[in-house]
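Presented sequentially are two complexes of subunit A, the first with subunit B as partner and the second with subunit C.
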Partner chain A sequence: MASNGAVPFWRAAGMTYITYSNICANLVRNCLKEPYKTEALTREKVHFSISKWTEGKPEKPTIRSDSPEE
Partner chain B sequence: MAMAALRREGRRFAPLISPRPITAVRSSPPALSHEDEGPIGVRYVSTQVVRNRMKSVKSIQKITKAMKMVAASKLRAIQTKAENSRGLWQPFTALLGDLPSVDVKKNVVVTISSDKGLCGGINSTSVKISKGLHKLNSGPEKETKYVILGEKAKAQLVRDSKKDIELIITELQKNPLSYTQVSVLADEILKNVEYDALRIVFNKFHSVVSFVPTVSTVLSPEIVEREAESGGKLGDLDSYEIEGGETKGEILQNLSEFQFSCVMFNAVLENACSEQGARMSAMDSSSRNAGDMLDRLTLTYNRTRQASITTELIEIISGASALEG
Partner chain C sequence: MLRRASGLLARPILAARARPFSTDLPAAQTADATFVEAWKKVIPNMDPPKTPLSFMQPRPPTPSSIPSKLTVNFVLPYASELATKEVDMVIVPATTGQMGILPGHVATIAELKPGVLSVHEGSDVTKYFISSGFVFIHANSFADIIAVEAMPLDQIDASLVQKGLADFTQKLSSATTDLEKAEGQIGIDVHSALNSALTG
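Let's look at the complex of A and B:
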């Protein structure tokens, strides 16, 4: 699949559409006024533990726990 | 599960009540159920044992009732979220269609399950369907990999499908579920796994008593192109106008990622609802079971108590009559 013209800047930087939309959503959330702002920011916390398996053996699980990307 | 444990307790208890008492061992036939009186001269098991058993069954009943209430309130909270999230993937299905019968080389089965137990059989059904999908899609040049969400499916799939597991994700429900969380998760999956078709297995929440295991299929953009050539719904994609100077390939890629994220969000929410609903009904039936056990134990307790009183009376009276001469 040849891409005609320039790929959007975020795709060229290695981001997926999902990452891009999350960053945009965070920007919009930061535009809110208090107290809705803190409410929205606490709602959007991420926490899970992910472990990649290769050949039937688990690697050490990494805990992905962050506040939304700034 | 609590239900099975309580039933096992009841069965274990029956031989205890039969006349092999802890206090005194007389000759007694072993195969007497607790309904019989037993041969004369045998003292019964002490009421203490029965009382202890009743106390523990009662506390179990209280716990299961409380768990049911908790599950009901959690269900209410999450049900509105799940129903609202249905609108996210419906346009995608209208546009791209859902093709479970698509024939691809690299299948990835995403199994969604819960982290906590005591929720009935929903996790087993999800795992069963995942294994079925794996079998269905295995053949020459075709491979199926698993991505597992949740501890319960992990425990079951690790036992026999170790080499097909790609990723395992747990501790998902620490914070209340939100789109941000699930989309970051979907992003991780997309980055780490090569796929032609993603099949997401979850329990769709129809009502408090009905949870239907469902499979949603999300195709990679290349496969969408391939299927578009064969016509059908995807063939109409060319009739859409594309604004903004992007190519069809780019749009398909963006759409496919976003579709995966939306479908995952809905699937995770629906599975959480089903989990709470299944937990409610499991805890409800175990409270009822505990109540039945308590009734049976009370009857046995009273019978034991009356038998011991009668025995004492008999001893006193026969002793007295022996004295009289």
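Let's look at the complex of A and C:
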């Protein structure tokens, strides 16, 4: 097992594991054959709907799309 | 009155979690005995609600002799590829190299690099390309493989792989910041792994 001194190159460059893993997954998805590729691209999108609550009632929800991290 | 019940709900679960972590847990009980007793003392008329423990399947105990098959759970964020499938061997692409997992393997946690996972069952071999993930091997010959993206090799387009490899080699040579270099290097690693998966 690697000692604490030998960090992976992406961590040395300031990237977190999650970012690394997501980049790998995106690259692999982009190399798929056609019908699978369009299904995979829908998987790539992460979006969530937020609604703020005021005085015990929810306001209209907004949908936010998570853009891929740099 | 019900507010006290939620206080009671919190405490026994915390007490149950204080069990020391070990790779060799005994088969867990399916109902939380201390919680049920405490509930009955306060609210004898209502049935105690089910705790998360009762929804969980207890971990199968570690058998005394090495089992003949390895049980594999291979999951992705959006689907469960293999669920408790009994196989003879799996070979996973760990960061330290291709790792073969047989029944009776020592308990291990390994990080995976982009590469090929092969599942061997009798004379059938099923191969998947994994983008990255982890494998948890438990002492009772259960292996949990989790990956972010995985697909059978025939879904990969060879021309896109070549193009990607060329793009990223070029990107790496023209990279200035550490982050760009890291991204270029990741691109090269992933595409060369895809390439050797298709040709190997």
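General observations
The criterion applied here is as follows: the second predicted complex is superposed on the first by the 42 of 70 C-alpha atoms of A that agree within 3 Å, B and C clash if a C-alpha of one lies under 4 Å from a C-alpha of the other, contacts with A are read in each partner's own complex, and residues count from 1 in each chain.
Rule of thumb we're sticking to: contacts are C-beta pairs under 8 Å (C-beta built on N, C-alpha and C of every residue); 3 or more make two chains touch, one makes a residue touch a chain.
Bear in mind the structure is a predicted one, so any value in this text is a computation, not a measurement.
Legend: residue contacts after superposition of the two complexes on their common chain; A:21 is shown touching both subunit B and subunit C.
In the superposition on chain A, A:60 contacts neither subunit B nor subunit C.
Within the superposed three-chain model, A:10 lies in touch with subunit C and out of touch with subunit B [touch as defined at top]. In the superposition on chain A, A:36 contacts subunit C only, with no contact to subunit B.
When both complexes are overlaid on chain A, the residue A:49 reaches subunit B alone and has no touch with subunit C. The intersection of subunit A residues touching subunit B with those touching subunit C, taken from the two complexes, comprises 1, 8, 21-22, 25, 43.
For subunit C in complex with subunit A, the residues that touch the partner chain are 78, 95-96, 114, 129, 131-133, 148-149, 151, 155-157, 160-161, 164, 178-179, 181-183, 185-187, 190-191, 194. By the touch rule above, subunit A contacts subunit B in their complex via residues 1, 3-5, 7-8, 11, 16-19, 21-22, 25, 43-53, 55-56, 58, 61, 63-64, 68.
Note for the complex: subunit B touches subunit A at residues 162-163, 165-172, 174-176, 178, 180-181, 183-188, 190-192, 221-222, 225, 245-247, 249-250, 253-254, 257-258, 261. On the subunit A side of its complex with subunit C, the touching residues are 1, 8-10, 12-15, 20-25, 27-34, 36-37, 40, 43, 70.
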